[in-house]
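Here come two complexes built around chain A, the first alongside chain B, the second alongside chain C.
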Partner chain A sequence: MSTLFSFLFQFGDAFAFLVIASMGLAIIFGMMGVINLAHGEFIMCGAYTTVSLAQLGLPLPLAILGGSITAGLIGMVLERTIIRHLYHRPLDSIVATWGATQGVLIVLGSTMQGVGTPLGSFTVGGFSYSTYRVVLMGIAVLLLVSLYLFFYHTRAGVIARATIQLPRMARATGVDTGKVYTLTFGLGAALAGLAGGLYAPTMTLVPTMGATFMVESFVTVVIGGGDIFLGAAPAAAILAVIRSGMTAWQGQLFGQIGLLITVIIVIRLLPGGLSGWILGGRK
Partner chain B sequence: MSDMLKVTDLRAGYGGEPVLQGVSLRVGKGEIVAVIGRNGVGKSTLMRTLIGLLPVGAGQIEFAGREVNKVTAQARARMGIGYIPQGRDVFPRLTVRENLLVGETARRGGTPDYDKVYEFFPILKERARQAAGTLSGGQQQQLAIGRAMVGGPDLMLLDEPSEGIQPSIVKDIARNIKRLNAEGFVIDKGRIIAEVGPEDIKDREKVKKWLAL
Partner chain C sequence: MTRPEVNSDLNRGASLIDATPKQQRNTLALWLSRLEGPQTLGSGRWFWLTLALAVLAAVIYPLFVDGWTVGNTAYFLVWTFMAMGLGVIWGYAGSLSFGQTAFFGLAGYGYGVLTLNFGAAYGFTLLALALSVGLAALLAVVLGYFMFYGRVQGVFIGIVTLSVTLVFQAFMAQTAGPEWAIGAARLNGFNGMSGMPPLTIPWPGGDVLLYADIALYYVLLGLMLVVYLGLRMLLNAPFGNVLVAIRENPERAEMLGYDVRRYQLLGFVLGGALAGLSGVLYTAWGQYITPSSMSITAAALPVIWVAFGGRKDVTATLIGTLVMIFLYQWLTIYGSQYAIVVMGVILVLTVLFAPEGIVLSLMRWISARLASTGGRP
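What follows is the complex of A and B.
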């Protein structure tokens, strides 16, 4: 019983991390085809802002929201000024987003005291678990549900999907596609900032902390492919099973190795990712 | 005489490749005007330039009394130009209903008349929740017209509305488009070579000459 709970907790924790860390990247890649190497820096930006605001005395949830909004705004400015000019040059957009990361590292360049994990812990079968991590699992699910409702049940979400499918036709029906791209990039950046804010209380902030998230989020998006709901979400679930399973069996390092091996196998067999395979199979 | 659309000596094309070499035409309010001509003479290029997906090289496009040469496609759509492209271009992974919802973007206020759209094309109501990419060609054509209709346009540009569609549905669509006398322009090698009335179009010999069949 306690072993089962332990495994479920490990799985839920890994799933929550993969979902929260990768959603921003998945939206920007899936909706705009831009591989955003600045993803980790948006995460870091969200984390630093969150901790700064919390140290100023703001309640943690508000501080996290502030971190997310800050990252989102920076994302929109970056899209307007740089990314926008590179939509027809995917490789250049990669270099540009990477360049942005180096700029941020130079500006920030310092380590920051964390705020400590809130909410304490609870005990099941002699093992102690962090309550905050259970909250994160709930947030991950809530995030997926909200994004689904947004993209499938609001006018703005439907227009965003239309723009992604046929940008020229969307323009010819009156859609301001430039605005859609700016807002989509902003949403992706805000989700990355949210990831940083949510995980800030669980780690020490260093300027290179984005890298911690990068491997996991890229692995999830590569395996998932372009569609968030048919791709990234199931990919996060599968990867969470692999990682928590490997970790329980052989430890943390093997969890990471398991992820990377999965990626190599999936790229070889399904170059379009899970969603590419599912959608391709339906045609 | 108020012209809805007035095109004067329009030149346009792809990159450095000129396709339209001085096209002039007028469309009055409530008029149906057909542009006919062989493949590759510039009919689709004309349509794309009119909606703003291709830039104007030279000449002038006036819509509702305003020059729109530099106006973006999305702004032209919001001014009241509906565009139904060749190949329909319905949003394939959106449902029929969602496609129509996107069409509402072009509206300048008021609520769209869905009853009218569904009366014209009952299939769109039946298939409301189906992905547009899974519809037949004729159904997609009806959806593309419906999508333009909910935008409340003053002018509709239909590019090859009957291409690849079974004759029974073509008749159906034509009946819905036909309201007033048809008038025609014949385009050849990027120029308008003849302006013809409805009675000329019935004259098989003349039509054969223009289209060089």
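What follows is the complex of A and C.
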């Protein structure tokens, strides 16, 4: 029983991490076809803002929200000034997203004292588990559900999807597509900032912490393919099994190596990712 | 962009068969004629005269500066191989690899492990160089097979290769403990390996040790010229034409009967091997290699050089790389950590305003001026 719970906890933890870390990247890639190499910098920006706000005395949830909004605003500025000009050149947009955010590393500067993990812990079968991690799992699910509701059941979400599918048609019906792109990029950046804020209490803050998230989120998006809900979410579930299994067996790093080997094999078999495969099978 | 050679073969028809023995006799002349061609800028007397003058200047350069400066210039040359390899993959074949440092690091560590175990006697360092480059090429074959034969599209190649180099970095960074050793070579985690012998050329009357000094500079200069001219010939050969055809329109290349996957893989392996060559030379140059040579910053630097120079022409890539490495070192000395920010800004400006690359745009402008004045400068 306690072994089962332990595995479920590990799985849930890995799933939550993959979903939260990759959602911002998945939205920007799935909706706009841009691979955002600044993803790590947005995450870091969210984390640093969160910790700074928390140290000023703001309650943690508000601080996390602040981190997310900051990253989102930076994302919107970045889209307006640079990414906008590169939609027809995806390879160049990769390169530019990296180049544009190098300044962030310096502004944020050195290592920062973190805030402790809140909410304490609970015990099952002699093992102690962090309550905050369980909250993160809940947030991951909540995030998926609310993004689904947003994109499929609100007017703004429908307009966003219409713009992505047929930009010229959307423009013809009076949609300001430029604004939609900016907001979508901002949403992706804000989700990355949220990831940073949510995980800030659980890790040490160093300027290179974004890189910790990079591999996991890339792998999830590559395996998932273009669609967020049919791709990234199931990909995160499958990868979470692999990662928690490998981590339990050999440690954190081997979890990452396992993910990498999985992605290399999967792209050979399913080049369109999971969503390409699911959608292709449906035709 | 390229004229499909299928057509020209058809046009020549039966005479092609008669011409075969003659062509064999003239293989050397054929390859030499490919030093100029549609896929590389620069042709005619003025170009080769300029190149010869540049080489001459590079040859007499050590007479005017001290040994340390020459060794430092050799350091610039070390990186050009990785950059030219990336130019082949990204500029000519049209697939952006963001993780050339994976091959760089693997070969660098390979050289370290081999030479720390077997020493430098009997010219073993040269064998270690070949083996390490082979190792990098092997990784490129495996990785490239899964990517290109899975028909992965543009941006994914960038992410997968970047993920590979980041995982390599994370892996090497945690090898601090004594249990992480291959034979006599400790991997040493984040501090990296050091103390391997430099490249050593066996020579009657005492081996020549290529420390970061004048001898290494000349070897690297010669190697760079060979690789540069070799790439010019290869890129103007049918192989290079097919790579460009794939970049311009993969479907059309496929319809013309070329196995797109195989050509992309070959280009990728060539680029991986050249990155590996840089890795070995870097390790041998400074006698150390650390995991940070595979970090995301390290991975981005070659992309910046190539983007700045101009990825679609090997000469522009080479010039751009040398300029950018010099600039980066200069900035690091005077602006410390802001150097990378300046690099980022240069990259963004290049991508926005001179997407072909700054050096390449300049070269195009100069050759247009030359053409308008009837070839006179």
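Keep in mind that, in the parts below, the second predicted complex is superposed on the first by the 283 of 283 C-alpha atoms of A that agree within 3 Å, B and C clash if a C-alpha of one lies under 4 Å from a C-alpha of the other, contacts with A are read in each partner's own complex, and residues count from 1 in each chain.
Please note the rule applied: a contact is a pair of C-beta atoms (placed from the backbone, for glycine too) under 8 Å apart; a residue touches a chain by one contact, two chains touch by 3 or more.
What you are looking at is a predicted structure, and each value in this text was computed from that prediction instead of being measured.
**Student:** On chain A, which partner touches more residues: chain B or chain C?
**Tutor:** When the residues of chain A touched by each partner are counted, C comes out ahead.
**Student:** For A:155 in the superposed arrangement: first (chain B), second (chain C), both or neither?
**Tutor:** Touch partner of A:155: chain B, not chain C.
**Student:** Tell me which partner A:132 touches in the superposition: chain B (first), chain C (second), both or neither.
**Tutor:** In the superposition, A:132 touches no partner, neither chain B nor chain C.
**Student:** According to the stated criteria, A:82 is in contact with first (chain B), second (chain C), both, or neither; which is it?
**Tutor:** In the superposed model, A:82 contacts chain C only, not chain B.
**Student:** Pick one for A:40: touches chain B only (first), chain C only (second), both, or neither.
**Tutor:** The answer is second: A:40 touches chain C but not chain B.
**Student:** Between chain B (first) and chain C (second), which does A:215 come into contact with in this model arrangement: first, second, both, or neither?
**Tutor:** second
**Student:** Who does A:277 touch here: chain B (first), chain C (second), both, or neither?
**Tutor:** In the superposed model, A:277 contacts neither chain B nor chain C.
**Student:** Would you sort A:268 into first (chain B), second (chain C), both or neither based on which partner it touches?
**Tutor:** A:268: touches chain C, not chain B.
**Student:** Figure out whether A:257 sits in contact with chain B (first) or chain C (second), or with both, or with neither.
**Tutor:** After superposing on A, A:257 lies in contact with chain C but is clear of chain B.
**Student:** Touching residues of chain C toward chain A in the complex: what are they?
**Tutor:** 90, 96, 98, 143, 145-147, 149-156, 158-160, 162-164, 166-167, 170-171, 174, 295-296, 300, 303-304, 307, 337-338, 340-341, 343-348, 351-352, 355
**Student:** Looking at the complex, which residues from chain A come into contact with chain C?
**Tutor:** Within the complex, chain A contacts chain C at residues 29, 33, 35, 37, 40, 82, 85-86, 89-92, 94-96, 98-103, 105-106, 208, 211, 214-215, 218-219, 221-222, 253, 256-257, 260, 263-265, 267-269, 271.
**Student:** Of all residues in chain A, which touch chain B in the complex?
**Tutor:** Counting only chain A, the residues touching chain B are 155, 158-159, 161-162, 165-166, 168-177, 279.
**Student:** Quick check on the complex: what are the chain B residues that touch chain A?
**Tutor:** Answer in residue numbers: 51-53, 72-74, 77-78, 83, 85, 89, 91-94, 98-99, 101-107, 147-148, 151.
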